[in-house]
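Handing you this structure, nothing more for now.
In this document, chain identifiers A, B, C and D correspond to the written order of the chains, with residue numbering beginning at 1 in each.
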Amino acid sequence: MTSYIVRRLFATLPVMAVVALFVFFLLRFAPGDPAAIIAGDDATAESIAAVRVKLGLDRPMVEQFVVWVGQLLQGDMGVSIFSNLAVTRLIAQRLEPTVALTLSTLFVAVALAVPIGVVAAWKARKLVDRLAMAFAVLGFAMPTFVLAYILIYFFAVQWQLLPVQGYAPIKQGFWPFVESLILPSVALGITYMALIARITRASMLEVLAQDYIRTANSKGLATDRVLLLHALKNAAVPIVTVIGIGIALLISGVVITETVFNIPGLGRLTVDAVLKRDYPVVQGLILVFAGAKVLVNLIIDISYAFLDPRIRY
Amino acid sequence: MFRRILAGALALAVPFAAADVQAQEKVLKAVMHADVRVIDPVWTTQTIANIHGALIYDTLFGNDGNQKPQPQMVGKYEISPDRLTYTFTLRDGLKFHDGSPVTTKDVIASLKRWGAKDGVGQRLMGFVTKMEPVDDKTFTMVLREPYGMVLESLGKSQSSIAAIMREKDALTDPQQQVKEAVGSGPYMFAKDQWVPGSKAVYLKNKDYVPRTEAPSSFAGAKIPGVDRIELVWISDPQTTMSALINGEIDFYEQPTNDFLPLLEKARGVKLMKTGKIDSTQGMIRLNHLHPPFDNVKARQAMYYLINQEDFLRTIVGDPKFYRVCKGLLTCGGPYENDGGSELMKEYNPKKALQLLKEAGYKGEPITVLSATDHATITPATQVLVQAMREAGINVDAQSMDWGSVVTRRAKKEPPAQGGWNIFVTTSGGVGSSNPVLHTWIGAACDKGLFGWPCDPEVEKLRNAFGMAATEEERKKIAKELQTRAMEQVVFLPFGQWDTPIAFRGDKIDNVVPNTGLAVLWGITKK
Amino acid sequence: MAEASILEVRDLHTQFRTLDGIVRAVDGVSFHVARGETLGIVGESGCGKSVTAMSILRLIPPETGRIASGSIKFEGEELTRLSEEEMKRLRGHRISMIFQEPMTSLNPVLTVGTQIAENVVRHLHVPWSAARDRAREMLDLVRIADARRRLDEYPHQLSGGMRQRVMIAMALSCDPQVLIADEPTTALDVTIQAQILDLMIELKEKTGTAIVLITHDLGVVAETTERVVVMYAGRKVEEASVEALFAEPLHPYTRGLMRAIPRLDVEADIAGTRPRLQEIPGLVPILTKPIIGCAFAPRCGFATDRCRSEAPPLVEGSAGHTVACWEVERVRASA
Amino acid sequence: MAVVADDLDLPATRRFSLWTAVRRNPTIAFGAVLLAALIIMAVFAPFIAPNDPLKLSPVNRLRPPSERWWFGTDQFGRDVFSRTIYGARVSLIVGLSVAAFSSVLGLALGLACGYFRKVDGIVMRIMDGLMAIPSILLAIALITLSRPGLGIVIVAIVIPEVPRIVRVVRAVVLSIRAQPYIESAIAGGTKNLKLLWRHVLPNTLAPLIVQSTYVCASAMLIEAGLSFLGAGVPPEIPSWGNIIAQGRTYFQIAPWTILIPGAFLAVTVLAVNLLGDGLRDRLDPRLARRL
């Protein structure tokens, strides 16, 4: 197992290299001169040039790239053009909300989706199945922000049950933390619920057609045991795969959700940084996201071994 | 499995639940119009940086609610009879947040840096021949001519305040931002708790010695009212409104006008009209460098496309909060006048096009920088573009976020090479009420603001205004200036409007109307 | 007869809804199983023999199929009228079943021990530890060496023969009165086939469980069963004791099947192949259309116009030997 | 189900008729009808919409739905009904062209990767790299490369989608390549191009078509998301995303500016998804697992 993990980690190096290369040059080709932005509202051409020299933006791109990679390897992601703060610090202080939102969303999505998918597969082609799937597909079709506004309007503004916006770090107490995450996770979770519910249903349908389910039924086992143990455990691998894909997609959804609910996470940091051409921050963030994705894939792959005894590394 | 996860979650939760102890601290949560991204108020003209700066830095003078300069850091001062030599003595008890005393060295360095960067400061420094310390607490400022706006400039609240920093910070190149935000003001910046894009935190400066006079805008006693101010950034106005109604924030600086009826109805929420002249003025800026607007006839033709009611109704809606103003100086302000107003007598797109053609316009595309994410500038631009299209002008509306407009508008190249012809912006009414402080009215050619209007006559009148000794003289010059600037079309005004402050009346007290800049330090929590 | 029978199926009709119409998979089949008896049900793929087995346990998927009519009596109890809950208590307990594919009939993600023990826990209401002991006993019984270790293994760690032994252990773990074995040896090697069949016979002797052995292989029937039911196109076409059937098959279809038996007594030639089997010409009829006359008529060398227009009733050809054929006499004469 | 498959060989004769097609596949029919209606609405927008979707009318801002303005007006006094009708054009153009471009690109790259081992290594590394970047962030970054416009939005959505298509196509190609008949054809000296054209391409079409419907649906949602974040098509173009994004500030005072275009968007995405589900069930039942 350990050697497998090590091999996998090495295998991700080229991917990360591609990401790094891509991000670096993408941003260098983007219009909008960071030096002009840094130099201020009424900067002269000379002061802009001075800033450019100071940031090393006047040097050849290859040299800039090498310098950047060299710093990266030392754990230095550079300094934000706007706030003059270290990129690592900017990312670190926004990590918790995004991780919390992602996990809680995943929890909501899975907690809704798996039962829906299981029931739909169990009652395949019946009314329950049609309704469950219609709900799931509609959840997917609904733009997250529209759903978010509807939820805010009722749960926060009308009934005042939950906060409208913001994020309470877990160190401010568990309940405020949970409270601040409920609406965003539900709004975002509904979208991913659809994805997971559909794959759960499909996977369960396939499993339910298998001989060993017939065996389990021929033993007169209770329905819940057949569905939840015999079937679901077998259906788990594709479901977990999709959950993994879901985490990657979630990051995109997180950007919008963080904006609507005003959660100070990585998503908003990225959008702001891209729109303001804060190169060092964008570079750092995209690397972090890519790294996270690689990590998630690894965890998913390892989890297969726990779900299916036939898989060994 | 689930049991194990649950147990884990609880184990995590328990120690944290106990950590909720800071509840006794009095915290003001305020949502301003923008996020604090730059901590150097001198380096940038952003209003939010100025709000930030006004919390942590002190100024030599502060303009009061009537825009009269009153001493703030200065204890006593003397002006020589020829109005050329100013002697300032700092009052006692001034200390920076790091504990070091404020000395005249700090002050002079700070004024020099400010004078190199800020427009008003540059003008002031243009008259200053030398600044010299007498001792640690006293210094002199010697002028070349009897410039009349010295104290007003030092006490101004809009664009960059004349913030007094430590000497070592003030020696930073004005083109670069200062690295540390250490001032001597009523609040201290908690840089370690700053999350750019989300919130900026200020802690009460317990060592601050306020003045004894009653507070009035930027003048008088600055008494820190709470232990902690959090400037929370919420980009979505509706979310901000809901958060205020839900009691999650205490103060909302600029609620969208359409929300006012909802806020008025909400329990606990109070609205406060901003100060008399603290309105927002809408401006359409033409680029004087490139055709067709390098021709004054073409610029004047644009007046026929401005129906202020259309703009104001679109931006603001309720007539209670807006006002038609066909002048360049704030209507309601001391220098309001009708000089040049007759240029804006009618909306007539046909005539506009006809005049443009007479001025040599041949149907080439006019590049309009169209901001997509600004509460007022975005709709105003849409109204303008529609009017231009109605006239039959070939409009090339280029959409971008406001930040990009800010970058793009600095480009002097022709529109086809990344420049522009028109952009829309706004200006604070307090600054716009004074011809010297109102930098957009200037016409200093290359040295002026984007659009680069170039007219020696306008500049001459602005200088004359600064030199004027009496109020009558000033009023007279203001009218001449506005007439000339309107003829030159330094910008096209499309009206002015008020944005009330919204806050939780049930939770906070001592909110004062704005005079150019939100005053937060005095707010107390119930 | 009725008294001695533990399971009695009468005029069973099982149908499936498909987009092409209703498939009459089982179309009026009757038979009985005596206590401790071994009954063989023989037929080609698609003749409805597996559906018959599934019908007895009421495992026909309700969304597509149903028992349209008929009666299934188990120990005098009418199974078609039991609630689903009552059926569940019966399955795996008093009637159990083993399937053709040992490779796929065991759950790949659960250990062998769990799969056997859960049956015991479910029906005998004993604690898990006791059920595991029982599972180990059963593995010993089906002669799996090192049973204790095997309990914690997963199906993919076992060979095909071992898996079928596990299936048998599982099926017999609650001492059922009837064991329905649906092609239990088809997927196995010939040598393993014989071992499994021997094991089943041996266990039957030991436990007194009646066995319904469903197969397409008359050779297996000959070796294992006491009585045989031959099915074709959802109908019973012949029933007799093994001896009678092999002595004188009366239905042309049965004769056709017999010609297709792989002769175990003929040695394989050097290349390892047995002599080529003779196949029955033609195809199994389409079951969505009502079959007029004898279903086998299109493939039958004896068929007359009557065969093609009128369904033959089951008649007693000789004592205890029934057959559904209009031309019995001609068939008998041709032998 | 296994029982049926085991015991009954279903006959292969089927009479084709519209009714049986609908009955067999109600989702395809439902999705197709819905989508057709939306396309008709988009194409004939100028005849359906009662007002100019761009015309500002400050006097009539934020009017609720009424006889005069069926869906109300927005904060500029523009007719939401007309804007919604025109908005269908943008959403459908984005959805369909993203689906088309990413399919074509993905197909070409996927075929190349699956078939030519040399190409595979490099291209797949790049694809992995692209996939590692969250798609909406990649799209925003790409959009900043050029001045805003429908074209760049389409390109920016296409690029992150391509790797997903490439993967699907490549997987199919690899499995086909392993088939004995292809191996023998290669051994027999059949030209690569001919092989690809005759044997490989037809087999990739089913999963490709199914996949591209999902791409189409998600493209429309991403377009809306980009507009919401202020990085989408220029605001003067009335896309549904823009209508919602511009109305979002007014949700509590003028919910119609958000809910109505939102509902249209949801229904369109739903229709495309249903079509995709139906096609998947019909063309490639096993694809359900791979997704």
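We take it that contacts are C-beta pairs under 8 Å (C-beta built on N, C-alpha and C of every residue); 3 or more make two chains touch, one makes a residue touch a chain.
Just so it is clear, the structure is predicted and the values come from calculations on it, not from any experiment.
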Q | Innermost chain by mean C-alpha position | A | A
**Q.** Far-end chain from chain C, centres as C-alpha averages
**A.** B
**Q.** Distance between chain centroids, defined by C-alpha means - chain B, chain D (Å)
**A.** 46
Q.
Taking the mean of the CA coordinates per chain, how far is chain A from chain C in Å?
A. 53
Q) Measuring from the mean C-alpha position of chain B to the mean C-alpha position of chain C, what distance in angstrom results? A) 90
Q | Rounded Å distance, chain A centre to chain B centre (Cα mean) | A | 38
Q) Could you say which residues in chain B touch two or more other chains, in rising order? A) 236, 238, 242, 401
Q. Hey, what residues on chain D touch two or more of the other chains?
A. 1, 3, 230-231, 248, 251-252
Q: Any chance you could list the residues of chain A touching two or more other chains?
A: 32, 149, 157, 210-211, 214, 259, 275
(Q) Can you tell me which positions in chain A touch chain B when the two form their complex? (A) 32-33, 36-37, 39-43, 47, 50-51, 80, 82-85, 90, 93-94, 149, 152, 156-157, 160, 163-166, 170-177, 259-262, 264, 268-269, 272, 275-276
Q: Report the residues of chain B in contact with chain D in the complex, numbered from low to high.
A: 236-238, 241-242, 256, 258-259, 261-262, 309-311, 313-314, 317, 370, 372-373, 375, 378-379, 382-383, 385-386, 397-401
Q.
Residue numbers of chain C touching chain A in their complex, please.
A. 57, 59, 63, 87-93, 96-97, 99, 101, 104-110, 118-119, 122-123, 154, 156, 167, 170
**Q.** chain A residues within the chain C interface of the complex
**A.** 124-126, 210-212, 214-222, 225, 229-230, 233-234, 307-310
Q) Any idea which chain D residues touch chain A in the complex? A) 1-3, 125-126, 128-137, 140-142, 144-146, 217, 221-222, 224-225, 228-231, 241, 244, 248, 251-252, 255, 258-259, 262, 265-270, 273-274, 277, 288-289, 291
